[in-house]
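There are two complexes below, and they share chain A, which is joined by chain B in the first and by chain C in the second.
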Partner chain A sequence: MMIPPGRYPVPERGLDFDLPDGLAVSRDPVCYLVSGDNGFGKTTFLEKVVIAALQKEGLPFLYLGQDIRTQLYTLRALLSVRGAAVSGVDDERLVEMWIARSGPAADVFLLDEYDKYLPDFGTLFRRCDAFIRTYFIVSHLDPAHIRPDPERFRHRRLHFELAGRDGAVKHIRIRQEEPWPR
Partner chain B sequence: MAVSDIKTLLNAYDGQYLILDYNHLFVSGSLREEVWLLRRADEPALVSEILEAARTFGIQEASAEKGFDTYSGGQQAILGCLLVMALIRAGGVRGIKLLLSNVMDSISGENRRRLRVLFTEMAASHGLRFFTPREGGLRELELP
Partner chain C sequence: MATLKLLLITVLAGLFFGLLVFGPFYDRPVVQAVALGGVVLWNTLRFSWRSTLALLKFCLPFVASLLVFGLAFQFLRLLGRDDWLNDTLIKCLVFPSSLIYIKILLSYITYLDILQLPISMKRRVDLITMKSAFQRGGVMLRRFSWYLGTYTGDGEERRLRRQMKRFACLVIALYLYLYDEIESAGRLLENRYRHLGGKEK
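Showing the complex of A and B:
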C-alpha cells in the first residue's frame, strides 16, 4: 500500500498537511519515526490519514495511543471477554497479551508516545518480529533507543514542521529524511 | 518504568506532592471552567495570563473557552503546567513539590526548554520543586 504524496486537509482540526513524498506501508519493512513540535498534528495525521488509509485498504493494524490509561481499561475488558485471565496482570504484560492475541493478523503498528510509558521497546519488537512490517512511532525523546532491528528495517524520520498559518489553519509540511547520519 | 498508574502515585505520594498526571490533567472542559473550579471564582485576568504564556509556546489557538480535547496531547501537557504555576502564583503558595507524571516526555524538546526556564523562575520565586517518577522512586528535575 502507498499513501501518495499530496495535500491532506483536516479542517475540523485546523490542519492542512503537505506530504511531498509518499509513504510505503506494509511492503518492505520500514519504521517511520514521527517527530515535530506540539500541536503540529502528528496524532491527527496518524488517525485521519494513515489509519483512514489502512481501513480503506482493509489492512489490519495495531494502535497504542497517547492516552494510554483509557486504552488499557479497554484492553483489559476486551481480553477478559475473550476469556483471558487478566486479573492482577500488570499493564506491560497486558499489552503483551493483547499483541499475542491480536497482533499476528496485523501488518502495521502505530505507537504514539508509548516510550514515555515503557522506554524499553525491545520486548515489544521481539513479540512483533514475525508479523509487523511497518511501524509508525511518535516520540519526543531520543529515537535511537526505540528502533526495531536496523538490519531488517529501513528507518525514516517523518518530521512535521510549520510551513505557515492561514487564519486558524496550520499548514504542516511533513519532511522525510534519514533519522541518523550514515 | 511501568505505565504510571494514578492510584499507585496517589497511594505513594498524596499529601507530600502535588501530582500532575498526563492522563488526568484537568477536571473540567476548558481553561475558564478549570480556573473557575479551582479558584471558586471567574478570574479572566488569571486566564489571560495563562493564555499569554501559552502563546509563547506556539499555542496561538488557545482561548478561555476552547475545549481541552481540541488541543493536542503535548499542548494539553503544557497548559496543565502553565495552569498549575499560575494557580500557585495566584494563591501565593510556597514550597510546593510538584510531581510530573508522563508530562515532560509529552512535550517537544524546544518547549521543554521553555518550560524549564519557567520552572527555574518558579523555583526562585515560590520555592517550587519538580519531580518525575523513576524506577523505584522519584527523581528531582535539574533546572538551569
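Showing the complex of A and C:
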C-alpha cells in the first residue's frame, strides 16, 4: 500500500498536510519516526490519514494512541469479550495480551508517544518481531532509543513543520529524511 | 431557586414517563413518533445535530435487537399473541425518546444547583461526581467507539456478530470508565473539601 504524495486537508482540526513524498507500507521493513512540535497534527495525521488509508485497504494494524489511559478501557473490554481473564491484570500486561492475540494478523504498528507510558520498547519490538513490517512511532525523545532493529528496518524520519497559516488553518509540510547519517 | 428548578425537572420527567412510557399514550405509535421527533428537535436546538446523531447511533443497536426479537416473536406467534410487532415498534420509539429526554433534562442541572440543594455535603459530592462522570462519559463514548473500530476482528466472524461484540465492548468500556471516574472524582472532591476544613453536615 502507498499513501501517495499530495495534500491532505483535515478542516475540522484546522490542518492541511502537504506530503511531498509518498509513504510506503509494504513487506519491506520500514520504521517511520514521526517528529515535530506540539500542535502540528502528528496524531491527526496518523488517525485521519494513515489509519484511514489502512482501513480503506483492509490492512490489519495495531494502534496505541497517545490517550492510552482511555484506550485501555477498550482493550480491557475487548479482551474480556474475547474470553480472556483480565480481572486484576495490570495495564502493561493488558497491552501484551492484546498484542499476543491481535498482533499476528497485523503488519503495521502505530505508536503515538507510547514512550511516555513505557520508556523501553525493547520487549514490545521483540514480541512483534515475527509479524510487524511497518512502524509509525511518534515521539519527542531521541528516536535512537526507541527504534526497532536497525539491521532489519529501514528508518525514515517524518518531520512535521509549519509551512504557513491561512486564517485558522495551519499548513503542515511533512518532510521525509534519513533520521541520522549513515 | 435550585430546589424549585430541580422540582420542575422532576415533574417534567414524571409527566413524560407517566404519560408516554407507563401511561395512557404508551400504545399510540403516532404520539410516540411525535414525542421522538420533539425530543430530537429539542436536543438539536440545545446541543447540535452531531450530538443528536451520536445519541441516535448509540440507540441503534438496542433498537435493532428489539426489532429482531419482535419480528421473531411475531413470526412464531409467541404465547399466542399476534401484536408483537406493534409492541416492538412502540418500544423502538419509546427507548430513544426517553433516553434523549432524560439527557436533555439532566443537562439543565448545573453544579451550582447541586451545591445549593438542602442535602448533606456527602450527597452533594455524590451528585456532583455522578454528573461529572456521566458528562465526560458522553464524550468518551465517541473515542471508545473510534478505538474499537481500529481493532481487527476475531477470525472469520460474521458482520452482525462482529458488530454486536463491538457494541458489547463499548458498553463494558463505558461501564469500566464510569466506575473508575466516579471513584477517583469522588475521592478528589472529598479530599479537597476536607482540606478546606469542611465537615460532614
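Keep this in mind: the second predicted complex is superposed on the first by the 182 of 182 C-alpha atoms of A that agree within 3 Å, B and C clash if a C-alpha of one lies under 4 Å from a C-alpha of the other, contacts with A are read in each partner's own complex, and residues count from 1 in each chain.
As a convention for this text, a residue touches a chain if its C-beta (ideal position, glycine included) is under 8 Å from a C-beta of that chain, and two chains touch if they have at least 3 such contacts.
Since the structure is predicted, the reported quantities are computational estimates derived from the model, not experimental observations.
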Putting chain B and chain C on the same copy of chain A, do they fit or clash?
-> fit
Superposition-derived comparison: chain B or chain C, residues of chain A touched = B
Please indicate which partner A:Pro179 is in contact with in the superposed arrangement: first for chain B, second for chain C, both, or neither.
-> neither
Have a look at where A:Asp67 lands relative to chain B and chain C in the superposition and call it first, second, both or neither.
-> both
State whether A:Ser102 touches chain B only (first), chain C only (second), both chains, or neither.
-> second
After lining up the shared chain so the two structures overlap, which partner does A:Leu118 touch, if you call chain B first and chain C second: first, second, both or neither?
-> first
For A:Pro29, select first, second, both or neither according to whether it touches chain B, chain C, the two together, or no partner.
-> neither
A:Asp91 contacts which: chain B (first), chain C (second), both, neither?
-> first
Please work out how little space separates the C-alpha atoms of chain B and chain C at their nearest point after superposition, in whole Å.
-> 7
Touching both chain B and chain C, residues of chain A | 67, 70
Please name which positions on chain A make contact with chain C in the complex.
-> 47, 51, 55, 60-61, 63, 65, 67, 70-71, 73-74, 76-78, 80-82, 102, 105-106
Show which residues of chain C lie in contact with chain A when the two form their complex.
-> 140, 143-144, 146-152, 154, 165, 168-174, 176-177, 180
Chain B partner, complex, touching residues on chain A are 13-14, 36-44, 66-70, 72, 90-92, 112-113, 115-119, 140-141, 162, 165, 168
Residues of chain B touching chain A in the complex = 1-6, 22-24, 57-61, 70-75, 77-78, 102, 105-112
